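See below for the structure under consideration.
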């Protein structure tokens, strides 16, 4: 009965506001299949929660993502 | 000094957009009382954080919640 | 399909090393019943995960728990 | 390669709707520097994610934050 | 720069004490590839953290996992 | 009333098994002071939880940390 939490920046997708419903569906299906394949987990008891995080709320290398990308 | 995180789908409630403030208050009070009763924790140092998650961001059984319910 | 994560310090219980299995069971049952009562959630799709955290890994008021209690 | 998650109530800041981008930047820079100083971690592999939580979704002392403050 | 947290019960694997290092490696590789394929994320900035949870610390259906399985 | 969760690999420190109690104390004090300075939060209601993660349970770039370092 795994629980998987995927945190991504809210960007990209059809409107630039985050992944489409179809992309989220592929993430959910893919992670579930992976846990079934590798660890023989029952898909019925696999939860996946996707959190979309605003770019300015995500930091890497001591910078927010907008700053970080501006420096690349 | 427990920390409790409750993740639920954003639905139901008075406007269909998630639990009402009163329902959240009951969750907070109930969890706090439970920890006090079972583990003798001091309520003053119990934090509860409720996360409401969009239906399409929650997966079960390899499907997003909207797909999952459509199949039931 | 809620997911609840309860973080507590690893202490107390029958051997001073954290809650007993019976206490954990009461936490799980209590939180599940609360979500059923307040939000009408189906218990079959409620997950509860309890994390026990070493005292020195928990901070409050700028101090680790052992320091914090020594000052009270 | 640390991962730091900072959860705060969504309030304050320039419009009363949460910290400004500049305040978030200071949090990200400060936490990153702290991990570099204390544990000699490489900033390039330090992630910081800030979650802003609605006041009514945060509980302390068995009350939601709005109730809690009204009682102080 | 996604962050993925996989929580599983600590069981199975070569010694019955949880997944082998090789299984964990497959989980990490699989999730990373999935995020690269679906969302075009750069693998260099994908973190995966696997948490193994004691059976008695995991609840489903209002029961701890050992109780739950005994009832099946 | 912020909640901060710091996840680090379990390594280094006086015995190579993770940070010392003194280093954890410095992390707790530093994060608390940062939130007080930047957001004017009351230290009395700041929680910090440090999670130490086994190297083989942490992935980056599609590899577990031991594999990743072997390739550098």
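All chains are identified by letter, namely A, B, C, D, E and F, in their written order; residue positions are counted from 1 within each chain.
Keep in mind that, in the parts below, a contact is a pair of C-beta atoms (placed from the backbone, for glycine too) under 8 Å apart; a residue touches a chain by one contact, two chains touch by 3 or more.
Everything numeric in this text was worked out from a predicted model, so none of it was measured.
With steps allowed only between chains in touch, the distance from chain C over to chain D comes to 2. When the contact pairs of C-E are matched by residue number against B-F, B-D or D-F, more than half turn up again in B-D. Counting C-beta pairs in contact, the pair that comes out ahead of the other among D-F and E-F is D-F.
Remark: rotation between chain B and chain E after Cα superposition is 180° (nearest 5). Residue numbering shows that chain B and chain D use the same positions for less than half of their mutual interface. When chain centres are set by their Cα atoms, the one at the greatest distance from chain F is B.
Chain A and chain F have centres, each the mean of its CA atoms, that are 22 Å apart. Taking each chain's centre as the average of its CA atoms, chain A and chain E sit 15 Å apart. The residues of chain E that reach two or more other chains are 1, 3, 7, 27, 31, 47, 49, 58, 60, listed in rising order. Shown here, the protein chains touch in an arrangement that is not a line, ring, star or fully connected set.
Working note: touching chain pairs come out as A-B, A-C, A-D, A-E, B-C, B-D, B-F, C-E, C-F, D-E, D-F, E-F. Those residues of chain B that touch chain F in the complex are listed here as 1, 3, 47, 49. Those residues of chain A that touch chain B in the complex are listed here as 21, 24-25, 27-29, 31-33, 43-44, 46-52. Only residues 7, 53, 56-64, 66-67 of chain C touch chain F when the two sit together in their complex.
Across the complex, chain C meets chain B through its residues 1-9, 12, 19, 23, 26-27, 30-31, 34-35, 37-41, 45, 58, 60, 65.
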